Structures are given as structure tokens and as C-alpha cells.
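A short write-up of the structure that comes next.
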Amino acid sequence: MSKHYILLADCKDEIGITSLISTIIKDTNSNIFHLDHYTDVQENENHLYLRIEFDKNDEVKSLLEKELTTKNINFQIFDAEEKVKTALLVSKEDHALSEIILRANRQEFPIEISCVISNHENNRKFVEDLGIPFHHVKVTKETKRESEDEITRICESYDVDLLVLAKYMQILSEVFVERHHLKIINIHHSFLPSFIGANPYKQAYTRGVKLIGATSHYVTEDLDAGPIIEQDVVRVNHRHSAQDMKHTGRHVESQVLARAVQWHCEHKVIVNGNKTVVFT
Amino acid sequence: MSKHYILLADCKDEIGITSLISTIIKDTNSNIFHLDHYTDVQENENHLYLRIEFDKNDEVKSLLEKELTTKNINFQIFDAEEKVKTALLVSKEDHALSEIILRANRQEFPIEISCVISNHENNRKFVEDLGIPFHHVKVTKETKRESEDEITRICESYDVDLLVLAKYMQILSEVFVERHHLKIINIHHSFLPSFIGANPYKQAYTRGVKLIGATSHYVTEDLDAGPIIEQDVVRVNHRHSAQDMKHTGRHVESQVLARAVQWHCEHKVIVNGNKTVVFT
Amino acid sequence: MSKHYILLADCKDEIGITSLISTIIKDTNSNIFHLDHYTDVQENENHLYLRIEFDKNDEVKSLLEKELTTKNINFQIFDAEEKVKTALLVSKEDHALSEIILRANRQEFPIEISCVISNHENNRKFVEDLGIPFHHVKVTKETKRESEDEITRICESYDVDLLVLAKYMQILSEVFVERHHLKIINIHHSFLPSFIGANPYKQAYTRGVKLIGATSHYVTEDLDAGPIIEQDVVRVNHRHSAQDMKHTGRHVESQVLARAVQWHCEHKVIVNGNKTVVFT
Amino acid sequence: MSKHYILLADCKDEIGITSLISTIIKDTNSNIFHLDHYTDVQENENHLYLRIEFDKNDEVKSLLEKELTTKNINFQIFDAEEKVKTALLVSKEDHALSEIILRANRQEFPIEISCVISNHENNRKFVEDLGIPFHHVKVTKETKRESEDEITRICESYDVDLLVLAKYMQILSEVFVERHHLKIINIHHSFLPSFIGANPYKQAYTRGVKLIGATSHYVTEDLDAGPIIEQDVVRVNHRHSAQDMKHTGRHVESQVLARAVQWHCEHKVIVNGNKTVVFT
């Protein structure tokens, strides 16, 4: 199979953008494999979202960059084969962590797990046995700032492009979130916006819901309110205690987070405001 | 097939209740077809829920009634063949209404649609063509009380056991709800407890969720907080406007409400506090 | 909202087709709202599938037709507002029929139910009460050919573009299928290719499956083997008799058929060989 | 929480069995927590399935054993806390293997992974790093019988009660299957009975299905036809190559197998003929 570039772009909608871009691609003798063009029709102004997957060649990238820079278009061009360097942050629970690591090991999608960072030690052996560096960064109320600075230093030392909170049970500061803007993906253990905050399974049990869920989203300053990438649910019944819901919910959490991370790494997600466009 | 009784019972758990009841049934030479015994294990005290389906005969009902009345057990005994007389309340939208009526016409479960009550006229022809009485009860802010009294009178005139709010877009008074305690089933057009209140699809669209849902519950004084019987979801994506979500959501609403009503009419639901036990 | 055309096209893949088409559209000052370009990468040759939704104007259609005709491209251009004239064929069961009719009545998607044709009389009243012409066409083994000819005549008299088999339990002749090539959508009451042929619920019950399903597909000469448009499943358990599976399965059948018909009428389906590309 | 026994029983239905058993339990002062009594109503004779979970005490087990042995009732009594000793058999693919092992490590349900047996070496490090014995048993066409004998010897040396084929890509002989009757659980990578045999994802791709699935079943002499414990599906679309379907399908395979193994180990499954009753 040929090597591909992936263009993600979005801008205020106007006539001719797809014509312009596809013609540049054609003119370099590059073939388009996928093109998703979606216009969000709003009252005030329409917004255009584009994802194009096309043959890689010497000219096409620089020509596109030159042309799109002159227009008011947000864009990024990715090499489809380049793996997204990722740091996994985890607390004690291992299920989301292991799901991502094992999928990465099977090379199911273009991700490279650069390191695992944890405020606990219990996952060290599992991670290191698989040949992945493990960093313990203790967090206390008093040292939160220093801890976050250390996490940032570790991430920078590996040159990571993505931080995945694979059940990292610490609330991140605004400063940290801002520094890694739209580079942090979280899994929340409820079907947001239900059961925001602590102990969602306890809340779900108390409310007597018949489905429990999980939500993967980009982390923003506003806790549990970032742009949603993926959600899913699983059926529960009266026999499920809050503890059973937690166990059952784990498997949905792992699957939902893994799909969200996969789509991010395949460059299928565009964020605008607090919403995502996911081209699957 | 033989004719059945269905016993629903719940009480503070103690040793020997299922032995007692199953032995009474055996002693009348009645066979048990289904027995669901579930104990909710709680910190303070355990609570027992029972559903038993067994052969109908002359003795068994009175013997059970005599014995269970002397104990502190909540119970009801239903004839499995007796249809639950039901009033459907609806505003303008017809989808939930028609789903219930058509399933009833196909005799998929033991329900009898005694009448349809609406604060609009638009569904009259559809309902009357199917041979079902249609009552228009206008509701205004000023006449809410009189309207509810009229609805109660109509329901009593048909001797109905169940009121189904099949997209009835009026908030019922506490007095009305209390009068028909645990006899009103509603469909809420969101995955509760997300998006309580008005315009849930607009809320869902604004939040950028990836699944929308519907929740069927018994109506209690506390708006949208009654015991949940059934919930389900359907996938949406960025292409769905709030209007599209409303259209897509309709079909889940109809299915979820129909399942909840079916289970109620099959005497598979026991309510305790704000939770349900559903033996499916 | 502006008025739209929808272009469906497919052809042997080559460089520049999307550039060509999007540039023609731009040159008439028409805006593109959705563009889905998908290349099926195969060993021998790649195949391109395109769906473009764009502003309607006087020039654009004839310019596209002129250009695409000179190339070896299969294409159709639809007016997004023109409803697809449809004949519904049904036997005794009413569930799929009523689902389609009621969605059409709510104008959920651009379909017009021109008539209902049945080999039974039982659905006449329901259909005619809703103001839709009903034609009874008796079918016997000896008169199959004449019956099919009559069905074709009725369809032609209404100038229908689509025949939907909403639980029409007759096997159609090759001649009839050929005459209405890719214009007939069927609902099969199993998760194809499981349980081909008669009595799929009985087969499912005997096999002890834990999910039952339904499949909507274009009808081809090869029974139950036509290109699949949509499938879905529902959970069953040991308590379900074959009869219960049939009842539960009905609701999936209705939903699956309705979605398939909707996508066809929204011009989101392209067929190639025995597969479909569905742009949802 | 108190310690429990679990009784699984099935027999030709007759009046009074649940009365008899629940009364024995009561007479030893043991409390019942769950009781599922299901009668399969058939034309010729009815069959009764029972699962009872109740307080453990010194008398109750022997009393039940004594009484049930005198009647023609198949039964087993399990200690709810005793873990089911299990051998995992695997070929090259690791996903189902790791799902089961990691859930076991998290003690989500009462299983003990005694050993892993494989006809390949590639999973040795992962397994041994987690402290689980790994046995490589080479299989060739000529040595199949000896290999199977060795597998049996290994299983016996660990005294295992369950063999889980976690993507073990060898067909087992009738002799082996008979020797471990209803003690082998397999995961088949299709929604059975669709796509029996080799390469189901290739078959699914060729047929153009819109959902792919996985099926977990007890292994019997008849390949892919044993009693089904659990099934599930996942949505695919035209963008999925056969290879993509394989990747996507893996995650359903792992989840479905894990649920089936969990229910078996929680003693929730009763097999009769080629069907299962699963009390969840």
C-alpha cells in the first residue's frame, strides 16, 4: 500500500475550498483515498470541517501548507505512518492502562507508548515487564504544582504529543491543562453529563439507572465538560451493587478510551469549541 | 397452555418465605413455572423481592392471600390473562402513542387500551379509526386543576389501572400524581439523569454527546426523578442537528416506553423507594 | 435552508475526479455541504465512491451531466427535496408496514407512499384510513406470473421508484426482480447470513442463540443474498420461546427496514456488486 | 457478607421441587439470597432449571445431596468462594488470553488461572511475567493425539476444572472433547451460526455484513455447534477491510469470552442438549 498524508482542516465555510485543495493534490499527481467534507450549518455562519487522506509525495505537503497559510484555515498535515508519541497517566487501577498498552503492542493503530506516569507504584512491574519506562510522580495537596511540573518535564523529555489519562484520579490544574491544550484525553466513568464528579457508580446505583456508561473527552479547564470523543453504555440490572457496576463499567471504560485514543491517533478528530467532529 | 397466576411480593428479608409460599402452592397441586427470588443486601436490613408464576386453581389464591396478609409482606396476585386497562395520554406527537396502540392491537402483551386522552385534537382521527375512544381535555394554566379532575373522571369511568404518558407534554400536579400513585408511566426523551427538564435534545446537541437516549419511569412528585423501568440509547454523530436528534430519538422513545409498559402489564416490575426490580 | 442536489457516483478510481467535480460545482457558484469520497482499495483495481450534497442552481446539474457522461462514471443527480415515490408490499403482518407509513406521515425523510399492495385484505382498513390507496393482488402458485405482472402495472401506474417488501412473504420471480433491478428493498427476519430461508425464528430458537436480528437488503435473483443495507440485533434469553422471539424480532425488523428505506430515499446508498456503501 | 453455596439443578418438571429444596434450606436455618426457577415448557414434557444461592452451613449441603440423590435430579453444589481452576489454551494471538488473565488478576470473578498451554512460544514472556506457568505443547498433524494427551496430563497435574480456548486455533479430537465433556469453553470469531469454519472475517467482508460478532460456546464433538453461552456484535461499515474487521472483532471476542467464562465460574450456566440457560 502507498504511503499517505492526512490533512485535517476547518474554517469559516466558503465556496471552493474543497475544489482548491483537491486540485492542488491532483496537480502533484497524488491520489485521494478518503475525503470527508462536512459543513456545520448554523444560524450565524457555517463552519467547514475537512479530512483528506492522500498519496504522500515531495511537493504536495509544502504546496498545501503554502496555500492554506495564506487563507484563514486551521490545518494540520500528518504522515499516516508516524506514530503518535504518548504518555499514559494512571493511578491504581490497571484496566484502561493495559487495554491501551496491549493494543499498541499489537500495532492496531499508530501509537507509540513513550512512558507511563503514575502517582502509585503498583503498576510498575506490569509496565516495565513490557519494556515501557515507568515514572512514579507522587502527588500531594501541597506538591501538586511541583508534581505537575515534573510530569510536564517527563513528557517533554520523551517529546510526547498526547497525554492519556487512563484512570488518573487526580484533578489537573488549569495551568497544566492550558499547557497541554487539546493534547490530553480522559476517560470519565459515567455517561456524561450524568454523574459528573466523584463516585459516579455510587450515584448511578443510587439513582437506579438501567444502563451505565463511560465517556472519553479532551480535558479542558472545566472539569468533565471537555469535548466528547466517544461514549458507550452497558446494561445493568437490580442485581448489580455499586461495586458490580464498577466492575462492569471498567470494561466499557477501557473500550471507550481505546477507541477515542485510536481515532485521535488516526487523525480522525477535529475539535471546535466544546464539540468534536469524528470522521469514522 | 394452562392458566396462570402471578404473585408479586416484597418484604423485609427473613428465612423461609420462599419455602412457605412454594409449599402453599404445592399443597394446592399447583405447579410453579417461574420463580424469581432476589434479595437486596443492604447495610441495615435486607429486602426480599419475589415474583412467582404458577398454575391457577380455586384454592391457591385465597390460601396465599390469607397467609401473606398475616405476615408483613406487600403482595399482589394477578391473573396472567387479565388485560391491564390503560388510558394513553398524549399531546401532539403520535409516535409513542401509535407504538403502544399497534402493539396492543397485535396482542403482544396483556394490555387493553381503554381510551386516549389528549390536550390536542390532531390524533383523534387515527385513534378513532382504530376503534378507540378519544377524549380531548384542554389544558390551560388557569384550568389545570379542572383538567386533571376531568382526566381522573374519564379514567375512573373506564376503570383503568394504568395511565401511560405517551409524550404528554404537561407537568402533572402533585395531587394528580398522588391520586394515581405508581399507576403512571412516563417516557422522558433523554438518558436520565442527563438533561432533566425541557428541550433535552437541544441540551444534548449543545453538549455534543455521541449517544442520545430515552428513559421510561413511574411518575412521582419529583419531576423526572421517579423509579426508572427501562432506558436505551442510540448513536448520533456531528451530522445530527438538534432536529435530527429529535427524529432519531423518537424511535428509541417509542421502543423504551413500549418495553416498560409491557413489563408492567406482565407484572414483572416491583417498585421500592426510587428503584425498580424488573424480572425479565 | 437552501435547496440541494445530491450526486451519487462511482467509477474505477483515478486521480483528479473529486477535483474535477468540486471545481465544476464551485464554478457555478454552488456551495458543497457534504462530500464523502471513499476509495475501496483492492488488489486489482481501486474503486471510487462519491456522494456530494451541494446548492441547487440552474447550471450545475447540466454541466455535471455533460462532463460525467463523457467519462466512464456511473452517476445520478437527485433533487434533495423530491420525495421517492414508493409502493409498499405486505402480506398479513402489519408492523413493518405501519412503521414506514407513520414515519412517512411524520415527514421524517423524503418518501411518498404511493400505494400499498398486498396478497391479503387484512391491512386494507388501516391503510385506507390513512388515505393511502390499497390494492389487493391475490397470489397463487398457478397465477404467480399474472400477479407479478399486475403488481408491476400498479407500480407503473403510480410511477413509483421504489418497492419496499414490508414483510411480503412471497418469493419473487427472477423476471420481476430483474425488471425492478435495485429498486426493491426487503427485510429478512434474521441476522443474515444466519438462518436463510423459512422460519428463521424457529431456527434461531432451535440453535439456542443469544441475539436475534434482522437484515434489510436489496433484492436480487439470489434469495436472501442481495446487497445488505442495514442490520441490527436484539438480546434474547432462555425464557424466549420461538413465538416470543418472533414478537421481539418484529420491532428490530421494523427499525432496520425503516432505516434502510430512509437511507435509500436520502440517496446515501451506492451498490457495487453484492455490497453497499452507506454514507451515514 | 456471609459465605454462600450455589446449587445448580435440572430435571423433568414436577410439582413441589422448589418447595422441597427451599424447605430443606430453611430447616437448616440457611437464608436464600437468589433463587431462579425456570420451566421450559415443551410439547412432550417440561424441564425445570434451578439455581439457588444460600447461606453455607454444616448441614445444608449433605441434607440436599442426600435428598436430591434419591430423586432423579441432576445437581451440583458449589462453594461460592472456591475459585474455578482453569487452564487457558492459546495459539499466537494474545487478546483473549490477556483479557481473561487480567480480569482474573483483578479478582473480578472466582477463577484461578492454573496454567497457560500454547502451541506457540510467543506468549510465554507475558504469561510468565505475571507469575503463571506456561507450557508449550507443539502440535503437528502426525502428533495431534500425543499433543492432546500431553495437554490432558498437564491439566490433570493442575487439577483444573475448566479449559478455556482463548483463540486456540487447533481443532480438538472427539476423544479429547469427550474426555473434558462440557469443561471446554471456546470463542468463535463470528456471530454463529453465520460463518462457521475458517476465516470468518474474510467471509463477513465478502458478504458485506454491517455487523460482525463473536460467540462463546461449550465445545462439543460437532465443530462450532456446541451450546452457546454468550454472543455480541459490533458495527462495521464499508471502510472496514477484512483486516480491519479482524482488529475490531478482537475486542468483541475478548469481551464475549470473558463474560462467558465469568458466568461459568459464577455457576450461572446450566446446559441441556445444545442449549444453555444462563441466569444473569
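A, B, C and D label the chains in the order they appear, each numbered from 1.
Note that contacts are C-beta pairs under 8 Å (C-beta built on N, C-alpha and C of every residue); 3 or more make two chains touch, one makes a residue touch a chain.
Chain identities (UniProt): A, B, C, D = Formyltetrahydrofolate deformylase.
Nothing here was measured: the structure is a model prediction, and the numbers come from that model.
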Pair joined by the larger number of C-beta contacts - A-D, C-D: C-D
Selected pair, out of A-B, A-C or B-C, that shares over half of its residue contact pairs with B-D: A-C
Rounded Å distance, chain C centre to chain D centre (Cα mean): 40
Interchain centroid distance [CA atoms averaged], chain A/chain D, Å: 35
Where chain B touches two or more other chains at once, by residue number: 34, 38, 41, 239
Touching residues (chain side chain A, partner chain B) in the complex: 38, 40-41, 49, 191-195, 207-211, 213, 227-233, 237-239, 241, 274-278
Interfacial residue positions of chain A with respect to chain C in the complex: 1, 13-16, 18-19, 22-23, 25-26, 29-39, 41
Footprint of chain C on chain B - complex, ascending: 34, 94-95, 98, 102, 106, 108, 125-126, 129-130, 239, 247, 251, 255, 258, 280
